[in-house]
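Below you'll find a set of structures to go through.
Okay, so subunit A shows up in both of these, paired with subunit B first and subunit C after.
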Partner chain A sequence: MILKKFWGGFSSFLTTAIIAVFLLGTSVAMANDDSHTTDSHTEHAEKKGFDAGAMIFNHVLDAHSWHVMDIGEHAISVPLPIIIYDQNGSGFHFFMSSRFEHGHAAYDGYKLLDNKIVRESYTEHEVATAEGEHAEVAVEEPGILDFSITKNVVALFVSSFIIFFLFVSVAKTYKRRKGQAPSGVQNFLEPIILFIRDDIAKDSIGHKYEKYMPYLLTIFFFILINNLMGLVPILPGGANLTGNISVTLVLAMFTFVITTFSANKNYWVHIINMPGVPWWLKFPLPLMPLVEIMGVFTKPFVLMVRLFANITAGHIVILGFMSMIFIFGEISPVAGYGVSVVSVAFSLFLSILEILVAFIQAYVFTLLSALYFGMAMEEEH
Partner chain B sequence: MLLAILLNVGLAKLGAGVGAGLAAIGAGIGIGQIGGKAVEGIARQPEAAGDIRANMIVAAALVEGVAFFAIVISLLIVVL
Partner chain C sequence: MDLIMPGVGLIFWMTLVFSLLLILLKKFAWKPIMDSLREREQDISSSLAMAKQTKAEMKQLQADNEKLLQLAREERDVILNEAKTTKDQIISEAKDKAQAEADRIVESARVNIENEKRAALTEIKTQVAELSIEIAEKVLKAELSNKTEQNKLVEKQLENLNFN
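Here is the complex of A and B:
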């Protein structure tokens, strides 16, 4: 009886798995076919293989247009506005990134080089190293301020809109249904908000927690929604916003600023003139105060790097497994098919792990911010 | 001669690989210890399983954060 039930369930799972592998294998085969029909008409004489490193970095880093997919040699992407301010006289320039034609054309005196906007006259130069070999210098042209709406900025707008829409509608529902049982999205958000209030804010900050609740709730949901959206592979997801170190830097700076401004005298005494430490560690050479001041800056720095590294590393690993399919597919299509089963299984497992990591990282960032606030406001015991 | 060997880019990438491996070992040992002690604690007092699980996950995230520092540095060595 049990065996029959198990066997029935197993065969339908097997069917689904076979169909999934077939569909994926077909798409992989189509992608591999293109590598044989290109290049006799392009400028380069060598056959361009699959560049896993370039693909991974293109997915993880920011870009001036949102690249959706490649059909053969033709890239399908959403063009985004480019806004640059040239400090050397010409002022503001507004145009769409489609003018750059994926880096192949110059427009208005500017061109796209190595994902940066430079003036048309800029050429890459090399420096001679000690051994006489040439090393390439990173693209750097001062004087151009780039305010473009890039992929990450669009993702930021989209996730901010989602968060705003979600919470404003829930707040309105609360006002409308005062005293009644929660309904709809309230049911989903209320346990999370209460969790942040009780287990994070109240436990860490104490009785003055209400002032910090808006900030803690904001960063928790901001980090969570952006982490989750980074895992969605199609537009408007997949932009890796929280894996951008500038974004995590800003979040960590917010925490740092709020910690510093909510610190009481006790906090500063513990940093500069901590009790219980022998005098010769504070004067004439303030060793302990130096260590403590370093600690003041390391804590937000660690917050920044932790979130950035977790999210970016997760994306890189998933993309790495996906590129394995293409790398093996170049050797032979059969190898590509074979690897694709393993690759997809691993990528699925890692994606589920990444969902867990999304929640954990949001929780850890919020918890540590609350702990820092609490430590800054501690009274003398 | 020694300077030439030391300035060789290949050696830097070897260092990056070894560093990433050591980071993985460190994370593995750390999180393994956390998991082991957590499971022991649950075995001693099953009613505290929820609390212990939450604390275990937080500690694991912090230890992984440290391992990721090493990964980021290794990636920087390879890329820069």
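Here is the complex of A and C:
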């Protein structure tokens, strides 16, 4: 429980700090995004300066094509399939993202606007004013559901295949070497599996832990492997999957659904009519029940934000250090080379820190999920 | 604001892929892994329990052996003691018997010696008597060889008789 409180406190601090960073960052990014779209035709004509915010957000956000690198003015990227469902009656549309020519062309009546697929005629912009800067950003067009196989979806497929084949092969090793000491990959994974079983599931859930083991093991390794793959800068790594709010939302939803379905009578009684609390906190104003019901939803919400914020923040900080090389390089090449030494050292240090964070975040998400399951099944005492 | 806005597409794909991954891993990976882990643990714990039990049994066996040895030792001591007493008894009996035999032999020897002595004495006496008679005969013969001497003797004898 102490650990949990510690983590709760620590991560909420982290979350606040990171959100503050985001708000600062997004305003810069918005401004940059704007310049991207409006000046898209003049972009090639005039020599554009290095845009750290745009570069960072390009890497951190999802995309319809997998950008590998730029050579001169030519971008090398892997086109990905676009799947959209238009609610105006035309239904599904399938085509490759290369048709958009990186947002410069329209296809099939659709175009790419700020990385969002909209109808060709659509120009709606949201005016966002932050920190005294005026910025415009495209808003999603209602009526178009984007089911595209984006960069993150590809990363999701790849990592899921890796996880599946890794553990199926490990399971085969277990069957083949029945009753023998572990060997190979099994040797590395067994302590982790045992740790999840003994120190997370058994301690937090109690004697009914076995039912939850598949889920806890799956989320742990899913988060861990995706965290680590996110740190690998080249294909198929580098997609910020666990730092994407949609992904963490789904993971948190799974925990929420499992918690809700495994809840016993005692759990609901504690929410609606908390025992041992003065009556005037429940009647006539149901203060405690309201707080408790809010708690039911804040728990998965916090899970979602914590993982998303930690991983995204790590990516942003590392990319920030890398950007410094180019920012200084624009001032003078000597400064760029000078700063590069410091930047590389810091990026290396942060990458190592991020490996640690990858493990910690996977552990925390799994531990808290297990704790929530345990709480939902707690018997009356 | 794209960063914190969940997208419907990714949510759809994530839910689909993650559910599939969960189901497939549960069936093909976690179940065999957890089963083998449990099996191995049970194996180890049962082996340990058996080792403990065997150890206790060994201890018991050892104690039993010790007890048996103790008993054997005691029995041996008893047997030895018995043998010793028997030996002593036999020796003392033999001694007594020998003593008695010796006594008897000595006694019989004494009796024999006595008898022999008596016989010898009797013989000596007879011989002495015979010799005495012979001597007396010879003496008388000599004494009575002449008349005077015979008379003298008769007179002497008669003197000695006195006829009182």
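Rule of thumb we're sticking to: the second predicted complex is superposed on the first by the 320 of 381 C-alpha atoms of A that agree within 3 Å, B and C clash if a C-alpha of one lies under 4 Å from a C-alpha of the other, contacts with A are read in each partner's own complex, and residues count from 1 in each chain.
Rule of thumb we're sticking to: a contact is a pair of C-beta atoms (placed from the backbone, for glycine too) under 8 Å apart; a residue touches a chain by one contact, two chains touch by 3 or more.
Note that the structure is a prediction, hence the values are computed from the model and not measured.
Engineer: Following the superposition defined at the top, how do subunit B and subunit C come out on subunit A, clash or fit?
Structural biologist: With subunit A as the common anchor, subunit B and subunit C both fit in the superposed model.
Engineer: Figure out whether A:Ile162 sits in contact with subunit B (first) or subunit C (second), or with both, or with neither.
Structural biologist: neither
Engineer: For A:Ala313, select first, second, both or neither according to whether it touches subunit B, subunit C, the two together, or no partner.
Structural biologist: Touch partner of A:Ala313: subunit B, not subunit C.
Engineer: What is the contact status of A:Leu281 with respect to subunit B (first) and subunit C (second): first, second, both, or neither?
Structural biologist: neither
Engineer: Of the partners subunit B and subunit C, which touch A:Ala335 in the superposed model: first, second, both, neither?
Structural biologist: After superposing on A, A:Ala335 lies clear of both subunit B and subunit C.
Engineer: Quick one: classify A:Leu228 as touching subunit B (first), subunit C (second), both or neither.
Structural biologist: Neither: A:Leu228 stays clear of subunit B and subunit C.
Engineer: By residue count, is subunit A touched more by subunit B or by subunit C?
Structural biologist: C
Engineer: Based on the superposed arrangement, let me know which partner A:Val296 touches: subunit B (first), subunit C (second), both, or neither?
Structural biologist: Touch status of A:Val296: no partner.
Engineer: In the superposed arrangement, which partner chain does A:Lys178 touch: subunit B (first), subunit C (second), both, or neither?
Structural biologist: In the superposition, A:Lys178 contacts subunit C only.
Engineer: Which value, in Å, gives the least CA distance between subunit B and subunit C in the superposed three-chain arrangement?
Structural biologist: 6
Engineer: Shared contact residues on subunit A, subunit B side and subunit C side combined as an intersection?
Structural biologist: On subunit A, the overlap between the subunit B and subunit C contacts is residues 308.
Engineer: Enumerate the contact residues on subunit A facing subunit C in the complex.
Structural biologist: Touching subunit C from subunit A are residues 22, 26, 57, 60-62, 83, 114-115, 128, 137, 145-150, 152-153, 156-157, 160, 163-164, 167-168, 170-171, 174-175, 178-179, 190, 193-194, 197, 210, 213-215, 217-218, 222, 244-247, 249-251, 253-254, 308, 312.
Engineer: Which subunit B residues qualify as touching subunit A in the complex?
Structural biologist: Going through subunit B, the ones touching subunit A are 3-4, 7, 57-58, 61-62, 64-65, 68-69, 71-72.
Engineer: Applying the document's contact rule, which stretches of subunit C touch subunit A when the two form their complex?
Structural biologist: Contacts found on subunit C: 1-15, 17-18, 20-22, 24-26, 28-34, 36-37, 39-40, 43.
Engineer: For subunit A, which residues count as touching subunit B in their complex?
Structural biologist: Going by the criterion above, the answer is residues 129-131, 302, 305-306, 308-310, 313, 360-361, 363-364, 367.
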